[in-house]
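So, here come the structures, one by one.
Two complexes follow with subunit A in common, the first pairing it with subunit B and the second with subunit C.
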Partner chain A sequence: MNKNYIILMGILILLAAGLLVLPLKNNSKQLDPEKLMWDIVQPTRYVSTDEVAKMIIERDPLLVLVDVRPTEDFQAFSLPTAFSFPVDSLATDDAIPALTFDKRNLVLYSNDDLKSDQAWIIAKRLGLKNIYVLKGGLNRWIQTIIQPEAPAESASEAEFNLYAFRQGASQYFTGGSISIEQGPQAEVNVSRKKKAKAAEGGC
Partner chain B sequence: MGPLIPQGIIPMGWDFVIALLIGIAFGFVLEASGFSSSRNITGVFYGYNFVVLRVFFTAVVVAMIGLQYFDYFGWIDLNQIYVLPTYLSPMIVGAIIMGVGFILGGFCPGTSYTAIAIGKIDAMVFTGGLFLGIFLFSEFFPFFEQFYYSGNMGNITIGEFFGISNTLFTLIFVVIAVVAFYVTWRIELRVRKNMTQYKF
Partner chain C sequence: MHVHELNPKKTMVTMIIFVVVIIIGLVTLSKPRLNYAITPEETVMLVGSEEGFVYPYELEDILNKTIDTIVLVDIRNTFQFGRGHIPGAENISSVELISKENIKRLEDLKNAGQVVLLYANNLVEANGPYMLLRQIGFDNVKVLMGGYSYYKIWKDKLADSYSDDSYFMGTADYDFAEVAKSNSVATNGNSNSETKAAIVVDRKKKGKAAEGGC
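And now, the complex of A and B:
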């Protein structure tokens, strides 16, 4: 038998045996169940109402607010810049293209965080990235941002600062006016010394 | 990356153009390797020439190994490759009919066209019979339609059927192929007096 044939056959068998030792590759795009379980118990998916309020006020370009309540509720009241995407429509084919934002942070909210948590799990299973849930939902939003409660007098300075921020945010979102006291402005006199000599050409 | 057409890397409309180009290349290789000669290709049935067996085993083995490495490197997604559904008993009957026609006519469908291309009259007659067969099959299809679709096992691979991994089956198949190459080579040595070995 021709020696070349024997070499070729050897290569064939080697390649085929090589296939056996290759590690199994997971081609499926679906989320690994264990990873999902891990993500579910992590509190990192939650953002607080204060953080979201700050992002809205600062017009954070990375923030995408998604209202997962039914459309009627969305029309009755919604957060500024949010768009409506009810939980039911997450099961449709439009969900992935509608909710895919390159490198932007999706924040889901509903009246509390139950519905938005459900939506979060579905969205995760769909393979969407950078999804967060508004902790406490709109109920907490009303409690903290729209009608903030004054802290007790013995509270820490941080809490007072937070209260101050919430009051400001409340006025921002409810359209209330705020009066900022300004002290009398002193006139500023700017005096310049005249240059002794006019600039001369060098050399 | 691949498969190219389902992923939209090559537009759908090009599939016939690509099929035509592959067909031309296939026909050229068939002709060049002597497959337009009935003596060469029916020798496998009479036991004096096993070139058909070697060529098709080689093609299958190379494609098997190649596709799986491509899948591993991420060049092609084997999950997206269409696996023909298996209808076991109709396929066995079809294979027998095909084999009988192969011995009787001295060509398989593809090689008959390469033989026409080099002007063989028997191949032209064969192709006439081929079209007659297609016509009769289509006309009488309702009579055996039930049998035609019976025993559907779905889009199953041999590895899945026997419960082994596709890679293990590949290795087994390669070993079978190599053994077959060796055995048929021994047989040819005995049977043929004036055998010329292919050089490459």
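And now, the complex of A and C:
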């Protein structure tokens, strides 16, 4: 009997020692590469310029815009409410705290989707959640929101509605004047009035 | 020790159960199949260097077999691959890229000193899988700039694409600050000064709203 005890105790101590060593192996909260790959191949991280424009105009409290371009570019031009977080800053220790917003949606943007996508992959690996990428980046922002192209005459009503929204948004973001021959102008004005009301109500 | 002696059988059983539980725990402990080989900091550096990007004109030598250490891998889906691909490329769609067999294949290629050149329809599509493979230790993986869509346009004159730069990504197409100042929807030739005046008015309005609110 005594011998059995000693053998069993030996096994227990060995296993306990093994357990002590184990946690060192996966010591970080980083996302498993397999899961990361799965996220990478999904297009769900992309949000369109129209969606973001709408959120900015509506002052959506859940939207956090992150500019991943170099600081100089951010200073020259940035989207309203965005803050600057160059890709290189992801290498610092306080990257995660700086990008952690409880339940709010982080939308990364750069000139197009390359840098923002790269930043997204690294941020995702670091374990951040609710992060998205502005599809097409600032280049598409200019093409669709600031300088929207009129749809062809045969285009669907949805396309015309989208165009009307974009014209209104363009005016909102540039403060310029719109002068088009017919209909759309009225719609643009309507959306502006709505904005004003929303602002008043908010404050 | 004397407590054990009171009921040796019970103690024995408890200890055996203890050992069994720990062993089961160790066996079923999920160990990630893949592990990161480089740190996030190194990944940031990788992204900054663009060292793994291959220019479209470099394809010329690869396709002529002047260089024979490069394996082209098309990571689009089989359907797109079937509709057209770069000659000599093998098809591993991105969802299957890290399956057991394909990881083994990639390891074999790495050990054989071969460079794996990934491409998809464009650079951004292939960039994610490229970055992931790099992060799990496949430093022989590179990615084709421009992707298949660019190749399709230039396939007969790849060497000429040396002087073309439309496949470059990450650059600004506009002077954003300039473009955002003036609204180009105004197509009927409003003078610049008028547009500028409009901007000023609008900004003042915004300011008022903020003041009122707070």
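In the analysis below, the second predicted complex is superposed on the first by the 148 of 203 C-alpha atoms of A that agree within 3 Å, B and C clash if a C-alpha of one lies under 4 Å from a C-alpha of the other, contacts with A are read in each partner's own complex, and residues count from 1 in each chain.
Everything that follows uses one rule, which is that a contact is a pair of C-beta atoms (placed from the backbone, for glycine too) under 8 Å apart; a residue touches a chain by one contact, two chains touch by 3 or more.
Owing to the predicted nature of the structure, the values given are computational and were not obtained by experimental measurement.
*Asks:* Count the residues of subunit A touched by subunit B and by subunit C, then name the partner with the higher count.
*Replies:* C
*Asks:* Which of the two partners, first being subunit B and second being subunit C, lies in contact with A:L15: first, second, both, or neither?
*Replies:* A:L15 sits against subunit B and subunit C alike.
*Asks:* Per the contact definition in the header, classify A:D117: touching subunit B only (first), subunit C only (second), both, or neither.
*Replies:* Only subunit C; A:D117 stays clear of subunit B.
*Asks:* Examine A:N4 and indicate which partner it touches, taking first as subunit B and second as subunit C; both and neither are also allowed.
*Replies:* A:N4 contacts both subunit B and subunit C.
*Asks:* Looking at the overlay, what does A:L90 touch: subunit B (first), subunit C (second), both, or neither?
*Replies:* second
*Asks:* Looking at A:T44 after the superposition, I want to know if it touches subunit B, subunit C, both of them or none. Which is it: first, second, both, neither?
*Replies:* A:T44 contacts neither subunit B nor subunit C.
*Asks:* If you lay the two complexes on top of each other, which residues of subunit A touch subunit B in one and subunit C in the other?
*Replies:* 1, 4-5, 9, 12, 15-16, 19, 22
*Asks:* Which part of subunit A faces subunit B closely enough to touch in the complex?
*Replies:* Going through subunit A, the ones touching subunit B are 1-2, 4-5, 9, 12-13, 15-17, 19-20, 22, 25, 27-28.
*Asks:* Using the touch definition from the top, list the residues of subunit A that touch subunit C in their complex.
*Replies:* On the subunit A side, the touching residues are 1, 4-5, 8-9, 11-12, 15-16, 18-19, 22, 26, 30, 32-34, 36-37, 40-41, 73, 76-77, 87-88, 90-91, 110-115, 117-119, 121-122, 125-126, 138-139, 142, 146-148, 167, 170-171, 173-180, 196, 199-200, 202-203.
*Asks:* Which residues of subunit B touch subunit A in their complex?
*Replies:* 61-62, 64-65, 68-69, 71-72, 77-79, 167-168, 170-171, 173-175, 177-178, 181-182, 185, 197, 199-200
*Asks:* Looking at the complex, which residues from subunit C come into contact with subunit A?
*Replies:* So the residues of subunit C in touch with subunit A come to 4, 8, 11-12, 15-16, 18-19, 22-23, 26, 29, 32-36, 40-41, 43-45, 47-48, 94-95, 97-98, 123-124, 127-129, 131-132, 135-136, 169-174, 176-177, 179-188, 190, 194-195, 198-199, 201-203, 209, 212-214.
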